[in-house]
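As written, the chain order gives the labels A, B, C and D, with residue 1 at the start of each chain.
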């Protein structure tokens, strides 16, 4: 059988498939469906310095081939995650990636530092692109200077590989990527959600309590692919690609466009087995399109 | 019956429904399906100074709830449009909006000037947001200073109301809107397409010959609504809203979010009668949601 | 345990205006579902699954029943399903009504399309010998369903907002008529649940609560509700949809 | 004139590997369609319509026939349609093959799923007394369809790329075998059309050309092809899909 192993700097993965942050909780619910050891990695829900409640409900809305969410980074706080969630995931033979967020650079730094002291976390994904919080989040993700500062701060306190998660809500994604690359990022995660809105016609106002939310799902796939390809041509960093992936064919599209591994988000809600099924399908699809290994697909994105 | 008339500055419309530029040609093909006099207005395909052939094919690709296009502004040139297309549309009792594009500010200016001399054109829509051409187009649409310059240049030579069509591929849509407002725009058209990509798995490269294309259709509706609402809160200009509209309910969503009229693009390809059907449905939907007139819906977007 | 199951439509019936009853064949769900739990229904062409309560179970026939109102494109599509059609569902989801109560006399309070989950619960309670009183509220006569089914469980009062059937008013209008029941179990729109909780502050009560859902299994934090306990919140899809009235802040 | 019509599936048949023949009932299309025209098929859940050639027409029965290969999600879905299903189509679209030719002997050249439109054209030409020769190329024996149908029109040669049926090779391999026909009519993949045009530079020929389409009616400029005339381009959906070989630049 085709080996699916991919080698990201500091983060070798048995396969390039992982659930995206916020779409898999901390894995507990999905562990009842299949063995999480099958996954290349698990990206945990965002962690902040303290527990957060998040936004008012409704927090999700359905759109054509997509959904809006405005969870607002609800999470039990980094301490609690390290005490109860990381040990649970550590039972499985998979890599653990901690998604970190904050309102200030020092909060990012503090959260990164805590995870760095935990032996079971294998990489950090720095979420500078959450559109659903008033402070931090997307502000860091739309200004190259701020993005670089967050990256530097996290790198300072961390020996783990640092993936910076970029927002697609920008004019020039390559300047964001270059800025975090110069600041020392080990890799990129692309993309987070596009900010969107839906109107509740009966109530004559936005459906989400937060008014706007992040658009995810197949609707955004073309934008994700374009941005990944654009960045791949100019910035020499590995990319964890995401945005609307729902099949092994989608994974292949992302790898050809320039991703080195991928994350699956919203599709987990439609089909909780999706990551497992994609891992099963991937060798079949690779063969169908004439590839003899996953390495043959990866890394050519800059030249397509 | 509920009157659907809306009054945009310098552009009174019998109803707020018009086909979007590039999705209706110059109306000829659709005139075989229904009487174009039914439309609030027709926005013509982009005009440039000279005839253009556009990009290589394939020029379109299907995506989830959307499509990518990279037509590349193919058109017979402003002279030919004025001589053969405007007179055809002038047979109908509807407003004609000319969509203008160019590689340079002087090309925009020249095209605007020519339309201004034609008695049958009622407004200009300045396309500073075409993602599918190498020069001009989206460069003007992602930089507020350039956008303002194009707007000023067009305003200088035109007595017609000038709607500037904004690109959604920007970090800060309100700064774009403010810039063109200060430069004298009479209104905004929002939004053009989001730049995207699709991979042809068999060929291992982008499906579109142009590599990237503009994403349109229901997939982008949440982004369009969010941007319109954002702009409405800060910039006091009428907005022609568009992006994924395919039903009278969608129209209502746009009007509540802050649009003053709307354009229907991609949906014309799925159902050539769509604009006509929406015009028929609109009074029914207004009543269903408790509105006694279209004016009751419009103009509250800043306060929802 | 939640499983991903394929259910087969056995019958489809319109029971009130835009209200459909589907009987679904599935062994696992019929054997494992508890009253108040729901299934999370996949509908081809839609991004998110739809949560629908389990309204009845027939273990022998290996069927479950759902009852739903056509309130959008998704439920419209499910309403068009014919016998033989297969549906992909997750279930049974959530925690249902408490079954271990020692009360003798219980009150069921259902509002509109909140009525269905109370039926299977009432049936179960009736089987254990409890006395059941039901108050069911509907917009109008044309929305009414399952009156006879509830009457078989015990005294049943119907109220309609427009007075076209039963008493005119809200479910709460009847509270003064009723005496010495031991606990109540309510499901319906949030304003109704708020009113019920407020009017019956001293009763032991349980509320089944709706919220828009992403995953339906507790992973996405879409469906939280603030609580009075120290964690500060619960997930409706996983910890609920049934909560003790004291526990949650509406 | 193009109309938006609802057609009813009368029969569905698998005629080769992943290749389906659908007979569709519709009065307007059956009376107005010309050989080489296509219908633009709406498929529920897909953004864009799919162009499919009209392969045959039965005016008396008021049916049209389409033949297509399952080459993606859309054609897979159409292949699943059952008798009685209704489909929304635009048609008849485009300009078909020229019917006013005075030639006595014509050559049809079809490659794979390009074969269908040639059938109705051949039938029409045969009815007017012309002699028909056909060369049909397929990947493999399992892809072959309509051999007998074409044989009824005249001499028919089959070639397969892998030699599993008929001669091994491409349609062009047979050109040296054939004599004094007056004109040719070809439909198939672009590389085949290029080869045909190159090998038969001195013949009058017509090519039916495929391109990805947006509107299918000439409004969106998605499907242009460069031409040798002064306008510099034609729209395949409106001016074609059939062009004189001299007219277009492949």
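Definition applied: a residue touches a chain if its C-beta (ideal position, glycine included) is under 8 Å from a C-beta of that chain, and two chains touch if they have at least 3 such contacts.
Quick caveat: nothing in here was measured; it's all calculated off a predicted structure.
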Topological distance between chain A and chain D, in contact steps:
2
Of the other chains, whose C-alpha centre is the longest way from the centre of chain C?
D
So, what's the distance in Å between the C-alpha centres of chain C and chain B?
46
If you average the Cα atoms of chain A and of chain C to get two centres, how far apart are those centres in Å?
36
Between the Cα centroids of chain C and chain D the separation in whole angstrom comes to 56
Taking each chain's centre as the mean of its CA atoms, chain A sits from chain B at a distance in Å of 34
Which chain A residues sit where two or more other chains touch them?
63, 65-66, 217
Chain C: positions in contact with at least two other chains
none
Quick check on the complex: what are the chain A residues that touch chain C?
22-25, 28-30, 32-33, 45, 51, 53-54, 57-63, 65-67, 69, 71, 74-75, 217, 266, 268-273
Counting only contacts in the complex, chain B reaches chain A at residues 63-66, 68, 142, 169-172, 194-199, 201-202, 204-206, 211-212, 215, 217-223, 225-226, 229, 244, 249, 252-253, 256-257, 289, 300, 304
Where on chain C is chain A touching in the complex?
1-2, 4, 42, 46-49, 90, 211-226, 232-233, 238
